[in-house]
Every structure is written in C-alpha cells, then in structure tokens.
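Each of the next two complexes has chain A plus one more chain, namely chain B in the first and chain C in the second.
And now, the complex of A and B:
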C-alpha cells in the first residue's frame, strides 16, 4: 500500500513555507517553485534531506528533475510513486 | 589607430545621497546642495560598532542612501530565505539595473537573451563581515549571496543577459574602470550592449576606522575640492549604473541619448610613486591616451570632472597633471573647466566614478554645468592660471555652444589604478512625437507591475505624472506611447482610456482604489487568460466589421472569443477569466485598454506607431520587505533549522490527529 499524494502535500508545504518563504507567503499546490526561486540547487539538497528524514524515502538522483519539483503536487506525486516502489 | 565608433549612454539608474534616480540627482547638483548628514549610526549591530567611531576624526559625517534592509523579493522572484543571505549591495544593484533599463525605455523582453555585458565595481564586504560575526546564522545561500562575482552575475541572471559578466575591485576607480571595460567589450564585439557602474554601502565600522587612521577623511566632514581648507574626503554610499550601446544603433532605435562615450583609457602608476600616492606622469599619460583613443586633442576638452577628493596632496597632483595634459596653450578665455561631484555627495568609493560620469552626461544632456560647492579660496599649491584650468563655482552653460561639448571624467584610486573616459554631447535629435492618427481623440494608457501593491502605487504615480501634463495633447500622447511601447508589461495590469490627461488621472486613481489587497499566496503560474467579448445584439454588420478590424490591428494574444449576447444566457461564465461586454461600437483605444486589463498582450504599434520617444515615466514602485540577518536571531544552520521545521510540523500534525480523534 502506497501513501496517497495528499499525505505528502501538507508536510512539504509547511516545510517550504517556513524554511524558504520565511512564513511570508502561503503556498498553493500549483505555485511554480522553480520560477519563484524557492527551489534551486541549494534548496533542493535541503528539501530532499527533509524528505528522507520525514518520510523515510530516498529520492534517487534520476528523480531530481524540474518536472518532478515543479510544484507541491508534482513532488507529492513523485513521492507517492517512490513509496509504492519501496513497497 | 582610428577612433572607435562612439557609444551612447541611453539609460541611468542611481541612488546617491539625497536622491533616487538621475532627475533627483540633477536637482542636487544644479541647486548646489550638499547631501551629507551626521552619521545616522550603523544599520547593523556589530561588535565593531560598539568600539567605533563617531569619535574617529572624519567618521562623524557621511553621505547615506537611507534604509537598505528591505527588498522586493516577489518582483525578483528570489525566495525570502535566499534574499536574507544576499549582500544588500547585490540587491541594490538588481533594483538599480531594473531602473536603468526602464530609464533607457527598454522592455525586458527586448534585452533578454542578448549579448549584453555587465561590469560592476564593488569593494566592501561588510555584510559578509556581519554574517561572519554570527557563524551560526550562515546558510548555504551565503555562498552565492556574499561573493563579489555575484554582484554582476545576479544582474545577468535576473535579466537573462548573455555577454561578459564581471565584478571588479579597483577601489575608488572601480566603477569608472567598469565603464571602460564595458565600452571595450562592445568595441571588441564581445557584447552588443552593456550595463556598467558600481555600488558602495557602509555597513560596519571597521572601514571608517582604517580610513580615519590613514588620515584621508575630512575632520570637518566636508569635501572641499581644490580649496585651501581641504582636509580630506567624506565617505558616502551610492549605486549607479548606465546602459551603453553603439551610438549609431541608439539613433536608429530612436533612443534618448544622454551623452556619447568617445574614448577610454585605464592604467596603473607602476612604481613611479609610492603604492598609495598618485603619479603625475601616469595621470598625464592616462588623459592623453583617452583623448587619442577618442580622436580628440586634449586641448579640445571643455570640462574635466575631477577625481577631486579634496585632499591637500592629491588635489594639486591631479590639477598639475590635468594642466599638463589639457591646459597647455589655451588662451585665458578658453581654460579647461573642472569640477567635482564629491563636494555635493561625498566620495562614494566603488560607486564614485560612475557618479562623475552620470554628472557629466546629465550636464551635457541639459546644456548646463553644475557648480562645485564648498569652495572659498583656492589651494595655494594649485596654480590654476598657469595650469589653464578653472573650477566651476556657479552653474554655467557649456563654453562653445556652436559645437558638441567635449569632456573628460577622471577616476583614480589608492592602489594606483586609474581610468579616464572622454564624453561628447549627443547629437540633438529627439524623436518626434508619434504622429497623431486622424481622428484619434482617445488615449489608452497601460500600467503594470509584478505585484498588486506595486500596481496600485504605479497607478497613483502615473496619475501624478498625468497631473503635470495638463492640456498638452502631444505630451499626453508621448507619455501613453512610451508606457505602451517602451515599458515592460508585467503580469498585474490596469489600462485606462480617456480624452484628456485629467480624465486618465482620475480613472487611474479610481482603479487604484479598486485593486484588491495583495494575497499572501505565491501565485500559480500565470496561464494565458481566457477572455471573451460579448457582442450586443444591436451590433449590425458595419459595427461587427469595425470590431473585427480593430482586433486584427491590435492582435491580442491570446485572441478573445466573440460571443453573441443573443446566444449566451450567462451559463458557463466561469469558463472565462474576463468577460468584456461591449456597450457600443468601441473605439480601438477603448478595446485596447479593456483587453490589456484582462491580461492580453497587444500590438500597441497599432495605436502609437513603432518609433516612440523615450520620455520620463514613473520608475517602478518597489514593495520592499525587511530581509536582513538579525545578529540575535535564531541560528540558520541547515540541520538545526530543518529539525525546527519538522518539529513545528509535528506539532501541527499532532494537533490534527487529536482533532481527528
């Protein structure tokens, strides 16, 4: 049984809003994280660290693509897929 | 070597003590104001500031550009976290680059992807020092936020400029050398345009202390260039950038040319003088070579803007070198005029040279040389008569109005690096205002911004600008045309359409009041707006044909759907982002305003032609938020902050599970 994408969205949102937006903005599911400079190579390392610790999921290097990290929904969908694969 | 093709200065962005933008800087200069204040105290609380230094001689007064802790992170799409770790000098440069590009009348999309160079002078790492005193607060972003290289690189990134991008430090000659290298990059063909200048912020006290102890700061706190009582300079902050492109192209593009760069030279004193002392011979050679590169005789220069720091030893050496290079063989009535902006705004160090350049460009554009102030009695070590130079102490016209004025700008530095730039007055060829199309009674004015708050402020700024136009129909048309053709169209938009400046201003004020409060949500990617035009049943064939003709001319992107009111019962209105209801046969201008306000891109040339003069439009209104490292704030270490976030989340999810239970 894999976790639904929704399971991931709120924790990711809370993390990004607090850590990268300094609590200054709310983050809709479809806000473009890369366009907004919220996620870049420095922030990605930070975010994947959080994902590993919080969800016990390792994001493989080939999954770190602009499409997967485009917004909260795409990240959650990717994590849901990883979760299913890890069984 | 034949002289190179002149380069046009087509735009200026600047903040210097007492002014924001070149128009305000000109007021400071032409009114002969001194913009030096009692030191407002250090912005940052640092350990150094505890032992510093209003008591240090010369550190009591300075030129300040006010608050620098705020940044409009949404306009630049830089996350608040990253913004905090970015040296405020980089952030100021970003804003100033934006303002310079706007001042040049260049929409961002016309610049993006071009081989435009960025050369920036910068010398003090004060924000890095502040952070280093609080190592617990360092974050990965400081790697890119504090490096000098990023001062230029961040501008290139923000505006997608693909020419060479270089930050450089030659201390007080930095920004003039930046201009010289930028000119060289265009002349070599490496760049097609350039942004060049420098920045200087004073955020910690140690640099004051060093310079005070070096004995180069004015104890009086006043810069008195060439004066008998000169006792050193006053430290100042500032940022200045100019936009350069080949003169020929600028004229072809219908740009406003403030002045033209004819030639440049850079050199170093070598071992001719002690490391930190100026060399007479090197300065003479510098000026001669800049003139030779420009294809002019040094004796032809009407004016030289001095480095002119106001020191007892430096001023006479600079005066003597200039006298030898440019003053020889002049008749008494034809002396080389000289002056120094440092008497007005102090010494902006790595942003000083470009301030001098901007002063001369403005003086050429406006046909007046501003006065050098704080002068009572000439330094006896400067024999101005023998040298053939004359300090300008009252505003005056250029001496030879029958030909374009020629001037030099001198920039020297403590380490012996020097630069000289030769400027020529631009050919007076203002673009004629756009032809008034027959029967055009209406003017459509588009206004846009990156956020709602800025949009509201821009609407009010345009309204104020319109108030000053009054009944002048040509000025009104020029303003609207420039706003349509010479400005970037950002995602938040308002357009108004009316017959007079008055009516446009009140329409803008009304619209500004209707703009909703900013939401805190980071907006989703802007999809193309879905716009529908509701066509009244009363529209006959002729009206319908007129509507289609207007739409074909304006070419709205995306094209709106046309819906006959008769076929539409109000169902499915949520399919549209904007439903525009045509009342009567709308004029093309009214249609343009409605479609623009709905988010469509338009071919504004349908209304205003393609050639459009650059006129002064309101500069962008920033929506800054304080983004600053608080020395006593929580640590920012990645692991620590990460676990903090997670704890915060766990608490929240814990509450949630309790609620669910």
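And now, the complex of A and C:
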C-alpha cells in the first residue's frame, strides 16, 4: 500500500513555511519553490533530510531533480511513487 | 608519467586542451553525467559536429556564443565547439530568470545561442532580434540549427555548405566570458583570454598532476570559474570529469554517495560543500579513492579543515585563491592543522605565473605583518569587463590581506560591499536595487548575517505606507530579476533605515540590530 500524495502535502508545507518562510506565509500547492528561491540548494538538503526522517523514505540521487522539487504537489507525487516502490 | 616527462609543447589555444586529452586517452572516458558517459573520441566527434553547425549558422572568429543549457555533456561540447571555431563562449546560469538572461545576452550580443528548445521559446518567441539558435530537444537529444532570422532566410543559411572552419583563435584573443554580480545592479562580463586560462590550467596540471586514470568531480556550475579547473585540468591530462547535477550540489548525503559511486580522486568545491559533507558522514570512513581535495571561494574554518586533514593524511589539501577576474593567482598547501590554531588557512603564495603584493608595496617591500589591499599582475589577469575599457596594469582585488612571510598572505576581508554566500559572489547593491523596485517597498538595504555555511542574505526594507510585503512575495519578486543565489533568505521591515553621518544607509548598524534581534529570539 502506498500513501496518497495528499498525505505528504501538509507536513511538507508546514516544514517549509516554518523553516524557510519566517513561519508565516500562505504557500499555495503550486508555488514554484525552486524558481522563487524558497528552496535554495541548502534548503533542499534540509528538506531531503526532513523527508527521509519524517516519512522513513530514501530519496535516491536520481530523484533529486528540479522537476520533482518544483512545488508541493510534485514533491508529494514523487514521494508517493517512492513509497509505492519501497512498499 | 610519460606525458609529463615528454614535456609537451606550450599550448596556444584553449581549444588545444581537449585535443591533448584525445591524444593521451583516445579510448578513455572524458565526461560522466549520471549514467551517461562519453569517451574522448566520441566527444571530439560531437564537438566537430557542433562546430560545423555553428559555422554554418554564420558564427565567426571572435563572435560570442551563449551557452544556455543545464550542466551536461552537451553544454561542455558546445563550449569546446565554440573554441574550435575561434568564437568566445558565454555560459549562462541555467537557474537565472529569463529577464536576467536577456540582460546578459543584450550585453554580450552573441551571434548564436545554444539552448534547450523549450527554454529558448520562453525567452525569445519569434522575436526578430534574437541570435541564431542551435537548439537541443529533450529527451530525444536531437539538435536543430536555425538562422538568426528564422523562416526561409534561416533555412537557406542551413543549406549553404559549411564554410571552412575559421582558424582557431588563441593567445590574447578572448576565449570565454563569465558574468558576475555588479555593484550598480547590472551583471558584469569578465572576459578571459586563451593565455589567461592556459596559464592557470597548465599551472594546475603541473601542480596537481592529474593522470589519465583520475576522476575529477565537477561541483561548480559552468558559469562559475571553479569549473575551469574541473574541465580543463581533466582534459589536459586525458582524465575523466564527473558532473554533479546542480540539484544535489548542496545535498550532502547525496554528494558523499556521489564521491563513492563515481570513485572521485580529485575534488574541487567551495568549503561550504565539504563542511556539509563532513556532517553527512564523508569522513567515516573517508573515500579511499580521494587523493586531492581542492577548495576556493571562501575561507575554510579551521575546525572542519582539521578534521578533513586528519581523516585524509595521505591526500593533498590545497586552498586556491583568486577572484574571477584573475582566476587562481595564489595557493596554499595545507599541512598539519595544529590544535589551537583557529584561523582559516592562508591564501598562500603566487602561482600561475602571477605576482601578488600589497598595494603601495610593490617590489616586496612590505614587512611581515603589513596589511592592505591585494594586487595581482601576470598572465591570468583578465582582458577586462566586456564592453568596458581593457584592464591595464595590476588588478585590484578589493580583498584585504596580511603579509605573513616573505611570500605568503592571509585573507582578512573585503574593502567594499561585495559579499560571499557559500562561495557565490554577490554585490549587495544589486540585491538592494531589485528589492527596492518592488511596488510595496520604499527603500531597501541588504546585509549578510551569519558566517560560512550559516550565511543568510537578509533584506532590510521600509514598506510603502499601508503595505506589508511578505518574504514569499519578495522572493517571488527577486526571482524574476536575480540569479537564484541572490534571492534573499529573510526580510525585516524597518520604520526607517539607520543612516550614518553622511546620510548613507548604514549596513553595519543594520547588521548589529538584526543580530541583537536574533540573540533575543534565542534567549
């Protein structure tokens, strides 16, 4: 059984807003996180660490692409896929 | 060792570097990119094809070729193709917004642009003023050449037989242009000649001595001058360069995995990346393949450097120094890092055939302990900024240094408003101009809080009455105007910005206020 993408979105949003947006922001699902500099290269490392710990998933090098980390939905979709694969 | 012993003739053109690699390792790997690998022979053939395409598009000797591609085999091949026809390549930061890319293109006026088909449409559409295009479509990897005017004229140009390839340029002709942050808000193009680049590359070859079996990691992006070592030191030795995808360049666990998986033997990056990797288990145990670790771009704090030194007793650790304008002009080989010595390593002594000295003390007259601005002259000093008068005489680095021995120096800090954030050079004025242009902002200053890895770029802004700009909105705004590494990490609103006696915004006072605020938060 793999988790639905929706189950990942809220924890990801809460983490990103708390850590990288001063704890106060309305962050839409489709806000371009890399393009707007919400996630810079260091924040990406921070987020990958959070994901691996919080969801007990391993994110392979190949999965760390601009397309996968484009916005909350794409990250959640990738995690759902990884979850299914590790399933 | 035979290649070293035969003491090859001096190179005249940067294009000759790949040719040397082909001679040394015709069947060896030249570039690895993820699970793709290209050998020297195949790379040479790809370069020949792209050189032919560029020549057919009408690119002539001395003209610019913008290379707007992700870090890839294709991007490097396009750079080499440009050199092969005597043109000047301009690597474009793939993470820069279209508005800034267009600014760079307007400044260097390329005869052709090599780009992803999808990206180029977003930037130019069918605009008549665009350069000729050599586009790569993904994922099928097909190349298409289109003339500057598109339509029939462009197609006619393609049908023309390829002109005889221009004799490649060399010596004092420009080879490439690297764009960096400019203090007035506009990016500046640092123009590097063949002679400039070769002076460094040949020094690096003799000092570091890569061999055909070596694997060099390419951590820096191609528009960043650290990448000059990765590519050309590898090619000059017939070694293999392993490209690190930009997305993982600061994801430490993945970098550590990369070093092991690719069996990297020579690593070069900003210290920030190495410090992060240490925290992610890089040294427990250290990779057996690693024989040299080079770093540049910012001071390496003593603690992490000491751990690296002790974990890799048999590897060379070398601090390289030099702004983009001079490439690497000094180096320091790290020996034992004593307990209790908490200073970053010195920038060391001159290299690449250059001379370095403290302003006003030409001729080595400065006593040990003297401090002042570091000046550089010699074969690596740039031709000048693109479009500006040529560089004459010594280059003033803007870096304050201390003389610590007869021929060695230590970096102290900057004398102006240029800052480094994880090795990226940023003019605060450029960030301030972008933030202040936001409709909800009346005035803005930019400062850096924290040091080294913890550095954060903060905008201090005065809001328009009735408006409350938020960080997410300011980031979105900056993202349309600045490269990614210049997007602010934080935003603090002020009723008014502190000023000094001359009425100028007092960045130092802002830093103090923000630091005090953070200390309060931690209490």
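Going forward, the second predicted complex is superposed on the first by the 87 of 87 C-alpha atoms of A that agree within 3 Å, B and C clash if a C-alpha of one lies under 4 Å from a C-alpha of the other, contacts with A are read in each partner's own complex, and residues count from 1 in each chain.
Just so it is clear, a residue touches a chain if its C-beta (ideal position, glycine included) is under 8 Å from a C-beta of that chain, and two chains touch if they have at least 3 such contacts.
On a predicted model such as this, the values are computed, not experimentally measured, just so you know.
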Touching partner for A:22 - first (chain B), second (chain C), both, neither: both
Contacts of A:11 with chain B and chain C, given as first, second, both or neither: first
Chain B versus chain C as contact partner of A:36, first or second or both or neither: both
Partner chain(s) touched by A:3 [first = chain B, second = chain C, both, neither]: neither
First, second, both or neither for A:77, with chain B first and chain C second: neither
Chain B versus chain C as contact partner of A:61, first or second or both or neither: second
First, second, both or neither for A:50, with chain B first and chain C second: first
Overlapping contact positions on chain A, where the chain C interface meets the chain B interface: 20-22, 24-27, 31, 35-38, 40, 42, 45, 49
Residues of chain A touching chain B in the complex: 10-11, 14-15, 18-22, 24-28, 30-32, 35-38, 40, 42-43, 45-46, 49-50, 53-54, 71
Interface residues, chain A side, partner chain C - complex: 20-22, 24-27, 31, 34-38, 40-42, 44-45, 48-49, 61-62, 64-66, 69
Complex interface listing, chain B residues touching chain A: 73, 76-82, 84, 140-141, 143-144, 519-525, 625, 627, 638, 641-642, 645-646, 648-649, 652-653
Contact footprint of chain A on chain C as seen in their complex: 34, 95, 97, 245-254, 257-258, 276, 422, 453, 470-472, 475-476, 478-479, 484-485, 487-491
